[in-house]
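Heads up, the next two complexes both have chain A, just with different partners, chain B and then chain C.
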Partner chain A sequence: MADRKKKFLQGNEACVEGALYAGCKFFAGYPITPSTEVAEGLSVRLPKIGGKFIQMEDEIGGIAAAIGGSLAGLKSMTATSGPGFSLKQECLGYACLAEIPLVIVNVMRGGPSTGYPTGPSQSDIMQAKWGTHGDHPAISVTPAYVQEILTETVRAFNLAERFRTPVVVLYDEIVGHMREPITIPAPGDLEIIDRMRPDCKPEDYLPYDDKYEVAPLAPFGAGYRFHVTGLNHKQDGFPTNDSKQIGANNERIMAKIENHKEEIWKNDELMLDDAEVAVFTIGSTARSARFAVLEARKAGIKAGLIRPLTIWPFPDKAVRELAKRVKAIIVPELNLGQMILEVERVSGATCEVVGVNRVDGEPITPMQILDAIKKYK
Partner chain B sequence: MSDRYELRFSGSGGQGMILAGIIMAEAASIYGTRNAAQSQSYGPESRGGASKAEVIISDQMIDYPKATAIDCMLAMTQEACTKYHGDVKEGGILLVDSDEVKVLPTGKFRLLKYPITGAARDELGKTIVANIISLGMITELTGVVTHEAIEKAVLSRVPAAFLDLNKKALQIGFERAKTLK
Partner chain C sequence: MSVPAEKKEKVSVPFDYNKYLRPNKLPHIWCPGCGHGIVLKAMLRAIDKTGFDKNDICVISGIGCSSRTPGYVDFNTMHTLHGRALSFATGVKFANPKLKVIVVTGDGDALAIGGNHFIHTCRRNIDLTVLVFTNATYGMTGGQYSPTTPMGSQATTSRYGSIEPPFDACEMAKASGASFVARGTAYHTLELEKTIHEAIMHKGTSVVDIIDACPTYFGRANKFKSATHMMEVIEKDNTVNVKQADKLPPEKLEGKFLRGVLHKIEKPEYCEQYESIVMEKAKAK
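Let's turn to the complex of A and B:
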């Protein structure tokens, strides 16, 4: 019989379970509230399964080492919060261009700067896409429940491996620190994707072979010698000044995500079929929103909820279709208006778009969202 | 939402309020048959400062994890009592440690007083188990989880060398709460 243990776990502990389930064998990072339990948990668990944990000198060292771990062939992860996520941005861009699979967990706390370490926030949503310079692909997953942190961490590893790109797991302090009963899946319950490895002779290997959308990645130390750089490069990995090759490569790394948005997008929907007012939000705020939508329905208001589990690439298609059939989309978020910019961009003038915002370190309550919904009675 | 049963454990950092919340939630969801969510808020310091843990117990899926209208709140310090008692609902229970809480709040809740830390110190020689006595008292007062479930949850969370001490603390809690009913 499959062993599916029910446990009462914290969100960050569920992230550890998800990483291990996905096959993570290397973690490098630097502890920071409110993400520390991810590092703490993996420091205990990884050595027991032949994995490696290393606490680096700072957050930059953490992601740099994780990039190295991944290039050596191990599924690798780093975890951080707010100010640490800022420090990791340079290496995040490096992993995008060098096409290195990697999972970065960012448990969002109050900002800017060192901000409010123990308070929740959702103010890194735009940073998760635009924090590093240059045009680059971005994938971010946004769990809201403890069980979902496990499954979305697994999905983040799968997407990283499938597309040879860094993936950000983005959740707020409330979801990271709260505890709920969860079921640890048995082996085989969830799909696990591993990166494609080359089957050619080492001398024929091109790490950025453009006959593939996503080229196979050889582990360092297995006989395949290749160059990795943050400079624009040729198919063999060495830098180039050739504009044709630079343009083609930059377009390819964007297209490998753009062309597969349908398989990366994931939305959870509640009562949207006949909804006249919809709430669009993520993380702990989506939990408040669910409460508010159910209360609104009791009061006879046709409210619904769309909760993206992939915030990047932004769920354009779902929001565009939704905007055509509702009077308003309400966008509650623990920041002063980030996701709402995307909702406005996509919905155009087809419906009203209204923000509910809070940056005092307290959660947006169900009543705040309910009040916004009630205006559309 | 009517199905929600909301508890808040409050005191000072280091008094085990978050652990008490975890144990209550495990009693309901792992050793009982209900759903539970536990959340917390605390300052940057690991000792001192007002700290609180909240537990929502329900038979349904729990969305909002924070307290909205509290059925039962514990206050182990004056600061926590003053700061956090405002969300206790009409007819709800506010249990205070009368050794610490001298300025008693007024409201339409049931205010219950007991020298919890004193009992832990005088009868068990360890103030550290005051949180376990509280769990016994709250279990007895609210009936939100069974005696068996809370005992299993407590014993699974404490070090083996202290099983007896914690069992005794829980019993003291059950008994003393009867005198307050």
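Let's turn to the complex of A and C:
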């Protein structure tokens, strides 16, 4: 029988396990609460397996080095929180345009600014999509349980490698620091995806070959001498001023995600089939929501829960369909209203959309959500 | 016509720049008279002398006129973000220490926005060669003052003369821990080629501060007659080779920059330290 260890781990420690399971061999970052345990864990574990760990001088250096590590052929990751995530944004855009696979963990804390370093928050949801300048593709996964941090970190690496793009693992401080019993999957339990490598002759290699949706990526030093730039570029990777090529490439990097949303989306649903009021939320807030929905059912209210594990690209199809059959969608979030903007956009006027918000550094309680549900009795 | 055998050997083969250039990416963006092209030439000749395989060489830059260099050279090349070249390069080198990584950066790129990465790269003594193209201005954005602009100089953002004291990249590199620190100029091309070669062959962080000229902005704003005039005043008359410096009286050295290898020591290199200490201890534990 396969060896599946049971462990009692903190969310951030589960992230380390997920990264290693996925084949991460390179980490560069800068300490910041509440994500630091990810770096600490990898600083111990990576050198044991021949992997590289480096603490850089700041978060910008952290993500830049991780992009360099990825281009040299290693599955790479960086981890941070709030202020550090802000600092990483320029490099995140670089990875989007240069199409370098990368995983960025952002354990959300209270903001703005230094805010409430040890307090939970979900206020980087929009930053994960819109934080870097310019139009760009965005993938973010949003685990809510310690076990899920492990599996979603693996999925983040898979998506990054599959689509040659940075992927953000987004969870709040509560889930990051919570301890739960989890099972470490055995080799083979979870699918592992590695980036496609070229098999053509070096002289025929185009790092942005548009005959592919996602072109193969050669590691530096493997005989394919190519150019990488953050300037708009042609299929050969060299900068261009040609508006046709600039437009085509910008649209292609969006389309490679947009055309595969079905593959990237992942929702967890609870009693939605006959629901008249639905709760839409992520992370620790979804844990409260689950409790609230079960309580509401006990009180005879037809409530249900939709919990996206992929927040970007936004699960518009699921929300649109849901909006057609419920009276209201309640959107609890630890911010002053970010996801709700997307829910409103997608549902139009087909149902009521109600926010439940909190930014005082305390979690949203099941009772708060239950109160909102009860209005639709 | 037949050439006697012993003479034949002395016939020098012209340097084949095309071996290292990407000819179809030319012409380059640099202005006539810009020093960056001369530095590129010295860099290619120095690389050739190392005998390294092109597939093992990475040239990584930030943003600026100087940082356009990687696009023109046939190696593994990366044009990154303003100020961040050293961090990207650290990632590449650390992930695959077999690669020879050369960073090409401007004085603004390396010492202003990238100053912190510069200091910490030197401190780690990771095996990178850093070529700083010091033209005392921000060429790419149109001639604003940079961290090496001499006090009193004109720039598009110092119309009343710069009041900021400039950095000395070599002093900073040495103080930060780089194990090889040198200076060259675009005027002294053969010397520069030798210095860059020595820098690449050195194990550890090797920094070469290369004084070159931006005639378009710094030159015009400060009333230099021509690009060659700039080279004579700034690169030739204002520098002294470190080997001659000992023989000169102090007053002759005042305000002048020393050229040549200024600091060279043996010191543990970062990637080797990681392998021999961190990895070994981690595996034993």
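Assume the second predicted complex is superposed on the first by the 377 of 377 C-alpha atoms of A that agree within 3 Å, B and C clash if a C-alpha of one lies under 4 Å from a C-alpha of the other, contacts with A are read in each partner's own complex, and residues count from 1 in each chain.
Everything that follows uses one rule, which is that a residue touches a chain if its C-beta (ideal position, glycine included) is under 8 Å from a C-beta of that chain, and two chains touch if they have at least 3 such contacts.
Just so it is clear, the model here is predicted, and its values are computed rather than measured.
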Message: Contact-wise, after the overlay, does A:337 reach chain B, chain C, both or neither (first, second, both, neither)?
response: neither
Message: I'd like to know which partner A:177 touches here: chain B for first, chain C for second, both or neither.
response: first
Task: In the overlay, answer first, second, both or neither for which of chain B and chain C A:348 touches.
output: neither
Field: Touching partner for A:64 - first (chain B), second (chain C), both, neither
entry: second
- prompt: Who does A:225 touch here: chain B (first), chain C (second), both, or neither?
  reply: second
Field: Partner, of chain C and chain B, that touches more residues belonging to chain A
entry: C
- request: Enumerate the residues of chain A that count as touching chain B in its complex and touching chain C in the other.
  value: none
Chain A partner contacts - residues on chain B that touch it in the complex: 1, 22, 25-26, 29-30, 35-44, 62-66, 68
Message: Using the touch definition from the top, list the residues of chain A that touch chain C in their complex.
response: 25-26, 28, 44, 47-48, 50, 52-54, 56-58, 60-62, 64-74, 76, 90-91, 94, 219-223, 225-231, 238-239
- line: chain C residues touching chain A in their complex are 25, 54-56, 58, 60, 70-71, 74-81, 84, 87-96, 98-99, 116-117, 119-120, 274, 278-279, 281-283, 285
Statement: As the complex stands, chain A meets chain B at residues 6-8, 33, 117-118, 174, 177-181, 284, 287-288, 290-291, 294-295, 363, 365-367
